[in-house]
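By letter and in written order, the chains are A, B, C and D; residue numbering begins at 1 in each of them.
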Amino acid sequence: MSERAPERQRWEQRMETPLAVASLAYLGGYAVRVLARGLSPDGQDLCLAITCAAWALFAVDYAVRMRLSGLGPLRFVRRHPLDTVVLVLPLLRPLRIVTAYDRVQRRRDGARLSLYARVMAYAGLSVALLGFAGALTVYHHEHGAPGATIRTFGDSVWWTCATLATVGYGDVAPVTPVGRVVAVGLMGGGLALLGAVTGSFSSWLIQRFDHGDGGRPPGGSPGAS
Amino acid sequence: MSERAPERQRWEQRMETPLAVASLAYLGGYAVRVLARGLSPDGQDLCLAITCAAWALFAVDYAVRMRLSGLGPLRFVRRHPLDTVVLVLPLLRPLRIVTAYDRVQRRRDGARLSLYARVMAYAGLSVALLGFAGALTVYHHEHGAPGATIRTFGDSVWWTCATLATVGYGDVAPVTPVGRVVAVGLMGGGLALLGAVTGSFSSWLIQRFDHGDGGRPPGGSPGAS
Amino acid sequence: MSERAPERQRWEQRMETPLAVASLAYLGGYAVRVLARGLSPDGQDLCLAITCAAWALFAVDYAVRMRLSGLGPLRFVRRHPLDTVVLVLPLLRPLRIVTAYDRVQRRRDGARLSLYARVMAYAGLSVALLGFAGALTVYHHEHGAPGATIRTFGDSVWWTCATLATVGYGDVAPVTPVGRVVAVGLMGGGLALLGAVTGSFSSWLIQRFDHGDGGRPPGGSPGAS
Amino acid sequence: MSERAPERQRWEQRMETPLAVASLAYLGGYAVRVLARGLSPDGQDLCLAITCAAWALFAVDYAVRMRLSGLGPLRFVRRHPLDTVVLVLPLLRPLRIVTAYDRVQRRRDGARLSLYARVMAYAGLSVALLGFAGALTVYHHEHGAPGATIRTFGDSVWWTCATLATVGYGDVAPVTPVGRVVAVGLMGGGLALLGAVTGSFSSWLIQRFDHGDGGRPPGGSPGAS
């Protein structure tokens, strides 16, 4: 933990907002490029430029943090696996927004949120962002493939939801290798979502029992009481 | 919690039964309108009138409670999200019956029910009511759509069960946008159901271990021993 | 609990073995009747007779226990829901074998089995028996239906496994009302199985943490160490 | 535990590396035999020889350990069920690599890994190895069957992933008896994987609550903080 120098902390604080904005710009540029079919060549170039600029910012941030950490490249890669994965597959970048959201919330006294609410908020946000990125990628690679059943972006979103809930109807399903690899990633997300829901519920029940049963219904949201 | 004035409590106690009746009337009116094909125009008008009257009662109750809370409209909406959602999507209204059922039961000394039994009862009731409302809506929007596989109400119920258990055969599946949005809601219900079943079982096991193993079989219902 | 008179206990102990035998006979008779297509009329009559005789024994046992309990019929039905369900739907009778197995095992010093092992044994046995009964019933009602995809008993077993694991491929699926009602019951069994697996694992992990980490791998069966 | 003589321990330590190598050789030989269609007859014979040699080593190890244990054959089989299963179905052999990996890691001071990380590593490794073995077997038995939907190894891997995550699209599914039996085994693996993910998450949450809430986000990997 000797790498947590004040310089690195200051850099991370200063880069928080630009990186979050760049993440959204990356996702937005990719979405427009994939979804807007009748886009003019100029518009397409603009989207590409935004996407590349955002990625360049990610790379610079990664390099600076590696520098500031005082570790060699190899050890830095080994100790920051999530950052490295996110640099290579920038569509997973939304996961970093989640971390940023947490930091912002904590500064605004959000620390009083219970652990369950936080876990649920994280699980929900991560799944929504990953699902959107996954649906985009699958649509991009599937909608023109021969024999594809995923033809519209609506189909892709529908398929993504069925996958994340581990329901898997199979009325539409990816047929291309890239689509299937993304699908396996989404299945992993679905399993993690299940684990978060079940685990939170389970520990909530156990805590209720340890501290006595106050009688509030388990389904009672703060708004219903 | 300064909004929990005695006036509001009295209002809620007085409105409990009328609201529960109105919820059932709303669901019943909608069900008859969707399912009874050979209904005379007069009968259809009656169903519509019942549905609208029930909804008007919900709106009045919402307005009165907002008034009594002494909060501004915006803050009231933010602090009572479930009530607001239920006002906009009245088919989710059954969730409020569950809360009412809890209050009635508590008055009748039902508090001695164990936490597990209550969680199971809630999960079961919520899932049954939401499943029924979901099956109705999906049938309503699917059975006439081109290329639909859900043609009868029986198909719709069968598909709803497979979705709630996260099994998802896919032999029948919704094809219209509305049907698919409802389906995503039901998938969420299925995940919550899984969480409730697993969480209850898990915490029951842990509690058994903490208080020693009395030797009762885990599958042993109170009636079987 | 005043109904737990010694007379009732003696009756239950005496009836244990006959009831278990009758349960197996019932299941066996039903299985032979459903699966053996080329059975002679005499053989079919024999199977029917065995099934009926077993059911008569169940009814007698139920009546005697109601008598011995000293409760009125209505209160007895309310306090012994599992027994009543099993009397009406004798294919669920295997669940009682599980209870009997537990009693036999306890007498043979089986109480030293850990709670996890017992939960796993119960879940496994119940699921295997219910799955077999469900596969039989579904095959019986589906294999001759028009448009059926479940044509052989092998298809039925395959479909049952996919349902119990909540995988649900949908390559074969029931199309008759009876088949679908049984399917919903099996889905419930699948959810319970998931809950048992997850809950046991979860509480095992928590217990391991509370009592320190002895270092045995989680996958280590007694035979592998 | 009187069978844990020093002689047996020394034998197990000495055989660890050869057995792990033989497991990989077995799996590799089988994979090449199944996947390499254009292999010359000599190459096929070589693969078969490697597979058989590896199996012979397994059998010798099993016999020696039975001898050293001082138990009769029957009691040895009953007390080492995993070893016996693995001897008969050598494709499950990878499970032993997992155990070996654990021993190696422990010697290298890996004991400081938290229990959660270890459970996750086991679940991941076991699922990956079993999934690979299962995909190989299913491909071997399915790709030539009439009416098969699993025609390439890619299809088989895709189907295996959908099964292990209990998603089960059903766009491709096994049709041969052997393929379906393997599928049921993989479903069991999927259930265990779900249990491991959910159970770890649940107990992590509970532990966090017992020791106070330090505020680190639940999704925060060591590299992201």
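The definition used in the following text is that a contact is a pair of C-beta atoms (placed from the backbone, for glycine too) under 8 Å apart; a residue touches a chain by one contact, two chains touch by 3 or more.
The chain list, named the UniProt way, goes like this: A, B, C, D = Potassium channel family protein.
Treat the numbers as computed from the prediction; the structure is a model and nothing was measured.
Any chain that touches chain C and also touches chain D is listed here: A, B.
Residues touching across the chain B-chain C interface largely differ between the two copies, under half of the numbers being common to both. Note: the chain lying farthest from chain C is A, by mean C-alpha position.
One inter-chain figure worth recording: chain B and chain D are separated by 43 Å, centre to centre, where each centre is the mean of the chain's CA atoms. Here the CA centre of chain A is 30 Å from the CA centre of chain D.
Among the residues of chain B, those in touch with two or more other chains are 166-170, 194, 198-200, 202-203, 206. Those residues of chain D whose C-beta lies close enough to touch chain B in the complex are 166-170, 198-199, 202.
Interface of chain B with chain A (complex): residues 79-84, 95-96, 98-99, 102, 106, 111, 115-116, 118-119, 122, 126, 149, 163, 166-170, 173, 177, 180, 183-184, 187-188, 190-192, 194-196, 198-200, 202-203, 206-207. Listing the residues of chain C that touch chain D in their complex gives 154, 158, 161-162, 165-171, 193-194, 197-206, 208-209, 213, 215, 217-224.
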